[in-house]
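Heads up, the next two complexes both have chain A, just with different partners, chain B and then chain C.
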Partner chain A sequence: MHSLIQAVILGVLTGGVYALMASGQTLIFGIMKVVNLAQGVLVVLGAYLTYTLFTQWGVDPFLSILITTPLLFLVGVGVQWALLRPLHGDDVAQLSLLVTFAIALGVEGLLSFAYGATLTNVQPSYANFSWTILGYQVSLVRFVAFVLSLVVLGLLYLILQRTKFGRSVRATVQNPMSAQLLGVNANRVSALGFGLGAATAAAAGSVFGMLNSFNPGSHYDLISRLLTIVVLGGLGSIGGSVVAALVMGVASSVVSALASPIWSDFTFFVVLLLVLLIRPRGLFGARTRGAL
Partner chain B sequence: MQLHIDGLRPRRARLFASVAALAAGAVLLAGCAASPSTSSSSGPLKIGISLSLTGDFSDSGKAAQRGYDLWASVVNKSGGVLGRQVKLSIVDDASSPDQVVTNYTNLITQSKVDLVFGPFSSLLTVPASRVASRYHYSFIEPAGGGPSVFDQKLTNLFFVQPAPTTKGGDVFADYILSLPANKRPKTAGYAKLDDPFSAPIAASIQKRFEAAGIKTVYDQTYPAETADMTPIMSGMSAANPDVVVGGSQEADAFAQIQAVIQLKFNPKWLFESNGANSPGDFPAAVGANTEGVFSSADWYADSTVAGSAKFISDYIAKYGGDAQKIDPTSAEAFSAGLLVEQVAKKTGKVDNATIIKTLHSGSWPTLVGNLSWDQYGAPKGSYQLVQWIDGKLTTVFPAATARHTPVAPKPHWAG
Partner chain C sequence: MKFAITRAGLVRAGVFFLVLVLVPIVGGPGWLLNTLTFTIMYAALSSSWNLIGGYAGYPSLGHVAFFGIGAYATAIMFNGSVYGGYAPFLMLPVIGIGVALLSVPIGWVSMRTRADVFAIVTITLLFITQTLAFNLKEITGGAQGKSVAPAPFDVATYDWPFYYAMLIMLATAMAISMYFRRSKIGLSLATVRADEDKAHGVGVRVTAVKLIAFAVSSGLVAMVGGVWAYYVGFIYPQFAVDPLITIGMVLMAFLGGRGTLWGPVLGSFILVPAQEYFAQAFGASQLYLIAYAAVFLVIMLFLPRGILPSIAERLDRRRAGAAGAARDNAAAQVAPMPPSEVKVVR
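The block that comes next holds the complex of A and B.
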């Protein structure tokens, strides 16, 4: 029982970080119907920026989020403006797959050139600190990361629900044609939406760099996890991606601790398959557009 | 000269003779291809090497390149091998097993190098060594020690490390079983990475521990894509073994250590087959928590092997940096060159047949210890047991080469 509860605690805390990464992924899909295969590499880029800020200038990895998120927001806006906006026609979704995959490979190549292929991680003095609560170990970094994920997701929610930009985003998601007729600038919404998605990747990257060793190739594993999370949660649903990330985190952790890590990913895919058999749209996917 | 063949009319006999001559010519040509003219015994000694200068293994590939280049420059300064200057032809295989075959084939048949040295990793060494074998080249290789390399049963291959990779943990078992029975651990836990270089190391230790009565209380194998080791080490911590054995590579070893620190679990003995033997990367990953962790190694900055200090000073003179940052792969690659030098000195020759024949007998001093091999190139020695003591990797077993007695039980984590 002790092992089970410890595993659930770990799973929830880890799931929070994946929720942050996946929320950006699903936001971008919701707005533009673009499956962003570069989301994983943006997380890794965020981790490397945090690493550089920490090792070169001693910037605390959590504080570095204040620098990396605006930076990657601008990168995201730039990428959308320069590479995705010019895509037109019925096959935009397929083309965007290729373009975002190309971006992923390009960034991976640049990171390999700059940092090499050796695994690294961000190791502040408190990286391995943990609290003992009722006999259970709660890692400081994981806990703060979880809280931070909640804060960033909360901010994202407020932006989408309470701001004019958020209304434009939701309108675009529900009906892009009508939104444009009502004066919403779809290109601007798409660019800012992609920027926001990249910014969440930056925030998650700072934490990811403290929790895992990483190298430029780490994004392949990340993107496969993120895609399964957003599919389980329902494409375009931020709430769904949060729930799915927590399901994945807990399922992986519990199966690893109590059975075997070899079965942990498999178990998650079984859950995914069962959910999709019963609800093909995922847990929170809407029948029509407008899940945000 | 007229050719007569019984039972055939002259015209058909001529046709038959022509075909036979063509076939014989083809066979001769093929024979030439199978053993291209190798060393001209004068001029530079050309050595061809394919290395992963880009791709997944690029960091290690470049470390090997530094080792090879350093050996070439050192030996050339001292007059070369048998008076011949060494000229290395290093080509990039982009970490690809297909490209490595093309590279070695080109090096041997087009560039007509005199000798070849090995690439990085077992994955590339297996196909590369087959090419070398086909052309009867010796294949001295510093970085392919997995079971698949020796399973090929090639007699031209020599692995330049003290033992096959899967025997990397045997020295830890030797140390534990050398302890008096009342001081040995009673229980053991194993976390094994599911790859051919990691899990077998821990399995080999486990087999010997169990035979000696050390009970297994936790045994888990995890796939390579496992990023988070905390759930596994949480299970390990609950089982509370005296000794923890990690059959690991680098990233998972670091993650295992980070997880047990966070779980506040401090076993009396902790061995990681890889990762913890990296003098630069391990402290970078776990901070001050290195103390007391065991691993095994062939070469590291404080190695007492003859020639090591000279290697370090030459290395720093050529590449800068500090001794602790030198990748052991550089020392292993350097040692490949040392073997050729020694064969040349002993026999007065430096052709492939002589190298293969000569290395199959005797013991050969290198930076990674005295090497000797079985008929298929598997080294017959053992690694050194190293432990982090006062922030430095230190040899602690076997006693003959130890610089410190092993520290047990392990000190508490620094946090």
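The block that comes next holds the complex of A and C.
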């Protein structure tokens, strides 16, 4: 029982970070109908930037988020502008899927060129500090990461609900055609949306670098988890992706504690297939719009 | 739109395969046969992927899962001995049919979703298979890999059986592709690709044809995987279920032209030698990935419909004459050609 509750605590804390990554991905899908296969590599890129800032200049990993987030925001805007916007042809959705995969490969290549393939890790002095509450271990890094994810998700929510840009985004998600007719600049919304998605990846990446050992190839693990999360939550639904991330986090952590860590990733896929069997559009996916 | 077998088409196929059959006999530098074997392997994989990804418009990104299953099937069956050397080839049809049957329930679940989500679900298939290959150590050998007993072939002509096996796989895949185009299955798949709901509405048995295409495609890919495992002799989870193989098949079909007979073949004959060249020129891993990604992006941005459809479109336009061409252009600008347009590309 003790190990079960411990696993649930761990799962919720980890799930929070995944929620952050997945919210960016699902936001990109909601706006542009692009399944961003580069989200995982953007997280790894964020982690490596944090690593460099930490080892070269001693910037605290949590503080480095203030630097990496704007940087990756610009990267995201640039990617959308240079590589996704020019796409045309029969099926832009399929093409953009492949383009983002190519971006993932390219960034993986650049990272392994710059850093090599060895596993690294961002280890600030407080990395192994943890509290014991009622007999349960809560690691400082995980807890702060969880809180931070909530803060960033909150910010994202505020941006989407309270700003003019957010209104344009929501209008585009609901109906791109009408949104454009009402004067929403689709290109601008797409570019900023992709930038925001990349920015959440950067924020999550800084934390990811402290919680996990990573190398440039880690993005495959990440993207496979992220994809199951966003499909489970229902593509395009940010709330859905948060719920799905928590479900997946807890499920894999419980399996890891009670069965074996090697099967914890497997949980993701099994849960996904079970959900799709019953409900092909995911937990909170809309019936009409998009790919479903 | 039925696709007639023309004399020109027969001649083209005949010359193509005759040249390939003659290559080992005529001889050449040692690397040639090796490169050609992999080129033909990818042509076969890409042609098989095309059955579901091209004709039906369901872009599976998980086909390497079936490739891996086929590879492991060969490795597990022929771990100790290969019984005269040709037994693994003779078992291929069994592997193909077995995997095709296995893929039916998988296809049924995953094809409840459309386009993008389908791509995602099939990617997870890739990761499931890779995880299983890593973790079911008693069967697959886990990260230590699994070996196939070495083939007792003559050293001078060692590559030949594998080369011809791959060539037969390519011919099979292309024959099935041709059959699809000429039969009701191909027509039904074209309607699925154009508008599945409408097709369903007018009575096309969409689920049945999708499952047929998915199963045939998966079975073929598994058979190619079986030949590959025997050829390379030692397989590891990360190479037998490599995302790059999956993306290779897709990319080659995209480059040559999805939903065409020769497109995937053309794409493979361009990309695989290029890939080998990059690997030679830049060393095995890092820069090669960047070059590959760059090629990838260029294709997507400048040739989104693939080489053959683009050429066919040009030819059509020229035939239409100057006046007609001007009108077509004007019309094309108003209404871009819908994906439903089944182009006859030879």
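Rule of thumb we're sticking to: the second predicted complex is superposed on the first by the 282 of 292 C-alpha atoms of A that agree within 3 Å, B and C clash if a C-alpha of one lies under 4 Å from a C-alpha of the other, contacts with A are read in each partner's own complex, and residues count from 1 in each chain.
The rule is short, and it goes like this: contacts are C-beta pairs under 8 Å (C-beta built on N, C-alpha and C of every residue); 3 or more make two chains touch, one makes a residue touch a chain.
In this text the structure is predicted, and so the values were computed from the model without any measurement.
Within the superposed three-chain model, A:Ile262 lies in touch with chain B and with chain C [touch as defined at top]. When the two complexes are overlaid on their common chain A, residue A:Ala7 makes contact with chain B while staying clear of chain C.
Once the two complexes are overlaid on the shared chain, A:Ser125 sits against chain B while remaining clear of chain C.
By the document's definition of touching, of the two partners only chain C reaches A:Ala93; chain B does not. Contacts of A:Ser112 after superposition on the shared chain: both chain B and chain C are touched.
Contact comparison for chain A: of chain B and chain C, C touches the greater number of residues.
Of the two partner chains, neither chain B nor chain C is touched by A:Thr69. Once chain A of one complex is fitted onto chain A of the other, the partner contacts of A:Leu211 are limited to chain B, with no touch recorded for chain C. Once the two complexes are overlaid on the shared chain, A:Gln80 sits clear of chain B and of chain C alike. Put simply, chain A uses residues 112, 117, 262, 265 to touch chain B in one complex and chain C in the other. Put simply, chain C touches chain A in their complex at residues 57, 59, 61, 109-110, 112-117, 119-121, 123-124, 127-128, 131, 134-135, 243, 247, 250-251, 254, 285-290, 292-294, 296-297, 300-301, 304-305, 337-339. Those residues of chain A that touch chain B in the complex are listed here as 2-3, 6-7, 10-11, 14, 112, 116-121, 123, 125, 127-130, 132, 137, 139, 211-213, 217, 221, 252-254, 256-258, 260-262, 264-265. Within the complex, the chain B residues that touch chain A are 54-59, 194, 220-223, 225-228, 230-232, 234-235, 238, 250-251, 254-255, 258, 261-264, 281, 284-287, 289, 413, 415.
Looking at the complex, you find that chain A touches chain C at residues 29, 33, 35, 83, 86-91, 93-95, 97-99, 101-103, 105-106, 108-110, 112-113, 117, 220, 223-224, 227-228, 230-231, 235, 262-263, 265-266, 268-269, 272-273, 276-277, 280-281, 290-292.
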